[in-house]
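Each of the next two complexes has subunit A plus one other chain: subunit B in the first, subunit C in the second.
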Partner chain A sequence: MKKRESAGKRMETLTNYLFILPLLILFLTFFAYPILYNFIISFYDWNGISVTKSFAGLANYRTVMSDRVMKAVLKNFVIIALGTTLPQAFFGIIFASFFRRHIRFAGFYRIAFYLPAICTVTIVGNVFSKIFETNRGYLNVMLRSAHLDFLCQPWLAAPHTALLCILFVNIWQWTGYSMLMYYAGMLNIPDDLYEAAAIDGAGPVQQFRHITFPLLRGTHYTLVILGVLGALKCFDLPYVLTDGGPAHATETFSTYIYTKSFNTFKQGQASAIVVLMFMIAMAITVIQLKMYYKEDRDKELAE
Partner chain B sequence: MKKRYVCSFIAVSAAAALFAGCGTASPGTEAGTPETTSEQAVPEQGASEKTVIRFQTWNPGEGDPAKDLEAAFEEAHPDIDVQFVYMPYTDHVEKLKVDLAAGDAADVYGVQTGAMYKEFRDFEEDLTPYMQKEYGEDWTSAFNEYAMTLLKAEDGKYYGLPLGLTYSGTAWANMKIMDKYGLGVPASYDDLLKASAVLRENGEYPLAIGAKDDWINIDTFFNIATDINSEKFYAALEGQASFTDPEIVQALQIWQSCFTEGIFQDGALGVGMYNDTTDMYQKEGSIPMILNGSWACGAFTEKDEQTYAVYNSEDSHHEVFLIDWNGDGKRAPVGEAVDVSLAINSQSPNKDAAWSFVDWMIHDGAEILVNKYLAYCPARTDMKLNVEGLSENGQACLDYIVENGATNVAGYREMAYPELKEEIQTELKELAIGDITPEAAAEAIEAASRAQER
Partner chain C sequence: MKNSLLYRCLAQLVCIPALVVFLYPLALMIQKSFGVNGIANYRLVFDYYDLRPNFATSLIVVGGTLVVMAAVVSMAAYAFSKLQFPFKKGIYYLLLTAMMIPTSAVIFPLYQIVRVFRLNNTGFSLIFPYATGSCCFNLMFLKNYYDALPNELLDSARIDGAGKWKTFLLIMLPIAKPGLVFALMQTFLSSWNELQMGMIFINDTSRQPLSVVPLRFAQTTSATGFTVNHLFAACIICLLPIGIFYVFASRYMVEGLTQGAVKG
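And now, the complex of A and B:
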């Protein structure tokens, strides 16, 4: 009897494993294997094409760590992460607060603010390259016609303004997404809390400070994680607008990996950068999730 | 219990289906290729079987030339169906890398001389025996001599064959605009300086360059450096001379001056060549001068309304010119490139058909591309230049290019050292921004040159 029971249990366990098998295969094939393969390649001197590769030990890591462009890449990552995530969250929560107050045409505004988020980055990049062009670009033409010539800049051609342009376009495109996330979060806050606060004499600012903002903690963390990881993976906008330039001023991890892999045919070094990028992403995610769950009731998850 | 068996069966089937989905097409069939539909790949019942080959390149571009080539080739070879796959250069390299690793790359592909030609060697078929069998031992004499030296590998074999030739270092002037301000074609740096000042005063662009694109920066810097001392410059590229040599430093200084003294337009580093800058010259006809290679001559044969009006209207007049950068009284020499060379994928299951295509392309195909579309200058010595419908002005520009291609070539346009090239590109942009001195740039390039494996 017991034997039959244990055989039944084994069968059940096996059946359960069979159910997760397709997902497991997908995970191993498309996630685990590429990561592992990339890690292996990072120890080889390989052009990404040849049949043979030669073992290089830690040489690729040493080269990458001493590369001056990598310093610019790391600096740009920090600037893009902070310079886009925080303004997007700030404007997102402000706009969401407005739209929650049932103002006229709120639905239209919500759609209008969200529209840039669904635009293809290539299109956005091309449009903004026409706006930021130095001689005939719309921005400088407008400034000149307003007799504000002193404000005209070679926007995409100077290192400091080129990075600012990247930040601006990124904020423009993704603030609508933050707004929508906050708006959805706000809809989950019960009205009773606001009514009770109003009875206690709390004004709109106090209500926002003591009810809305703390109860959107989950959204804050989600947006920060997504924003920071987005900054880490940032490729399309710098590629289209500035091609990582001028002189690496807007170079990001992804654009530099692309250059290493496809322009200089240094696949080993490109893979070493990917490994570093992966480690940074892991570290940031772990820290942020730890911080999030530390304050959470479900402390088990933090352990 | 029955339910459990049914569930198990479904799970196993799902896993099997997943494996089936991951399967690759067997070699020789085209069913697995992304550009080919299954309908196209499977020969019709009763119809004679056609060999399907894929040709992937970034040049010649999509449009009429491709359609003409495809139709003409399939008429000459009814047993072969050629599928053209076009994409920009960087995408082309990217796709090839991935497809070659997956064993699913095009049968014939375009290769750029220099780094790409060298790095893809494992997947380039040696074409020497094919040419020897078809045209005898002396087959190389039928091609431009310098082009063949660019294609001759270290082992003495040829892994690519030239479709056409292009020359870098030229500049173009729209004389309709230049004449308006009483300006002639600038012959020297000083002429350029004066012309740029006049044009700027009148609200016009000076000499336009899309310096966001590294290739035009490299072309222009090569042109300046070879004007000063081409032997020394190429020796430095090959690691046999130093980049800190005063003459190369002078070239870097001239390059920087083009930005600081207003010869190039403001904000040049923020715009690319194609199509940000070229459209203004070729389609709008709204800027007086542009730096661009010999291939820009093809604009004379463009049929689209805007370009046709810019190049072929009654009052249109363009000049192609080379600049005497260092003021020694001699115009700068041009750089030569095989543009493009064709390689056969060494893994191709259809090598015979691929060879038929390459052989046809370097002969009949090149004839169409050169004499109908002026995509390149001829790479074959026996090809006569007789471009259809080329205006008198266009012919004069072409004659100038051909003359310089025959008598005034400094050396190669594409170097085979990607890391050195990357460093030169970076330093040229640093100089353009003004962040660095020519001496410091030369030091940095020299350091990269010493580290470069050759």
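And now, the complex of A and C:
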């Protein structure tokens, strides 16, 4: 009797595994295997095409670590992470709190502000490269016609303005996403909290500071994680606007790996950079999980 | 909530300039696309480019991704929320790490697989990588959604004699629909607009997805004699399908986010 019961139990566990099996197979094929592959290739000298490859030990890592471009890549990662996540969250939460208080045209604004987020990045790239173009670009033409010639810049052609342009377009495109997340978070905050605060004489600013902002902790946190990882993944905009240039000023992990793999055919080095990037991503994940567990424990204690 | 006059004026003073900034590039593109020759710009684009195969690729890729994603992730999210099995938490967090892995970290090995199976230059090469990424991205969101559904539902289904699969298909899945709809819409947007894998796995320009095609417009302007007006007309054509999708989808976006608990 007991034996049959345990056999039934085992059957049940097996059927439960069937529910996650498809996802597990996809994960192993399309994420785990490629990471492992890159890890192995990072110890070889290989152009990515020929049949033979020679073992190189840590040479690829040494090359990559002493590479001046990698310094630019790391610097850009930090700049993009901070320079896009914070402004997007700042504007996003301001717009969302306006809409939560039902200002006029809120519905229209919400749809319009999210519009850039649905636009295909290659199209965004085409428009903004016409706007930022040095000689006949719309921005410089506008500045000249306003007699502000001294403000004209070779926007995408000069190293430090090029990175600013990438930041600007990124903020332009993704502020709507932060806005939407904050707005959804705010809808989950019950109206009576605000009503009670209003009775106690709290104005909109105080309500925002003491109710809205602290209760959106989960959303702040999600957006920061997504923003930092977005900076790590950042490929599309630099690729279409500057192709990592001028002089690697807008090079990111992803554009550099792409160049190494598919243009200069240094797959060993590309894989070494992948491994470094992967380790950064995992470090971020571990920090995230730590915070998650801590929150879980806080909740348990609170209950 | 009553807003004071000051608050209302201030809000509009912030929103109106923001509206100009957000819409200017799009308005510029539309206005210039009709510049000089009007609608003839669009006709010239269609004379030069046959975009139907590109559109077909995009449809195959997005359609396939949505089907695979919906089937795989709703099962997995349900299991992680309501079923018990060993190593549940460990596997769950392992799957979530996939969310953190950038495309460029997997693209070269996947390209090798795609070539071995001779899937390059077909939409099928993109379906499974896209679906996997979206699954891991939506797993947490959907699991939280299922978590919010009461366990009593499961118990009463069991008492009524419904098996595990029946309970999942007939009871849990229908209730979780708004959450799934939101996940489907996000997946639609991200897989329609993906660039990096699309341009590497499909390098035959006549068959690339619509998200990759605009790269070609700018590169070939000297050969085709396209002016900026034609370029923007071509961009508008490529933007149209996703724009139409957004018009219909925008109302469901906030709905899907708020009905399920977004506590993650």
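Here is the rule we use: the second predicted complex is superposed on the first by the 286 of 303 C-alpha atoms of A that agree within 3 Å, B and C clash if a C-alpha of one lies under 4 Å from a C-alpha of the other, contacts with A are read in each partner's own complex, and residues count from 1 in each chain.
The rule we apply is simple: a residue touches a chain if its C-beta (ideal position, glycine included) is under 8 Å from a C-beta of that chain, and two chains touch if they have at least 3 such contacts.
None of these values were measured; they are calculated from a predicted model.
In the superposition on chain A, contact of A:V51 is made with subunit B only, not with subunit C. Of the two partner chains, subunit B is the only one touched by A:N263; subunit C is not. Touch criterion met: A:T134 reaches subunit B, while subunit C stays clear of it.
In the superposed model, A:A146 makes contact with neither subunit B nor subunit C. When both complexes are overlaid on chain A, the residue A:W155 reaches subunit B alone and has no touch with subunit C.
In the superposition on chain A, contact is made by A:P246 with subunit B only, not with subunit C. The partner of subunit A that touches more of its residues, comparing subunit B with subunit C, is C.
By the touch criterion defined above, A:I199 reaches neither subunit B nor subunit C. On subunit A, the surface patch touched by subunit B in one complex and by subunit C in the other comprises residues 15, 19, 22, 26, 29, 48, 129, 262. Interface of subunit B with subunit A (complex): residues 4, 7-8, 11-12, 14-15, 18-19, 22, 90, 93-94, 97, 100-101, 115, 119-123, 205, 212-213, 265-272, 276, 418-419, 421-422, 426, 429-430, 432-433, 435. Subunit A makes touch with subunit B in their complex at residues 11-12, 14-15, 18-19, 21-22, 25-26, 29, 47-52, 69, 129, 132-135, 154-159, 162, 242-243, 245-248, 259, 262-266. Considering their complex, residues 1, 3-4, 7-8, 11-12, 14-15, 18-19, 21-23, 25-26, 28-29, 71-73, 75-76, 78-80, 83-86, 91, 93-110, 112-113, 128-129, 131-133, 135-136, 139, 164, 168, 189, 192-193, 195-196, 200, 210-215, 217-218, 228, 231-232, 235, 238-239, 242-243, 245-246, 250, 253-254, 257-258, 261-264 of subunit C touch subunit A. Residues 13, 15-17, 19-20, 22-24, 26-27, 29-31, 33-35, 37-38, 48, 91, 94-95, 98, 101-105, 109-131, 138, 172, 175-176, 180-181, 183-185, 187-188, 191, 194-195, 198, 204, 218-219, 222, 229, 232-233, 235-236, 239-240, 253-254, 257-258, 261-262, 267, 270-271, 274, 277-278, 281-282, 284-285, 289 of subunit A are the ones that touch subunit C when the two sit in their complex.
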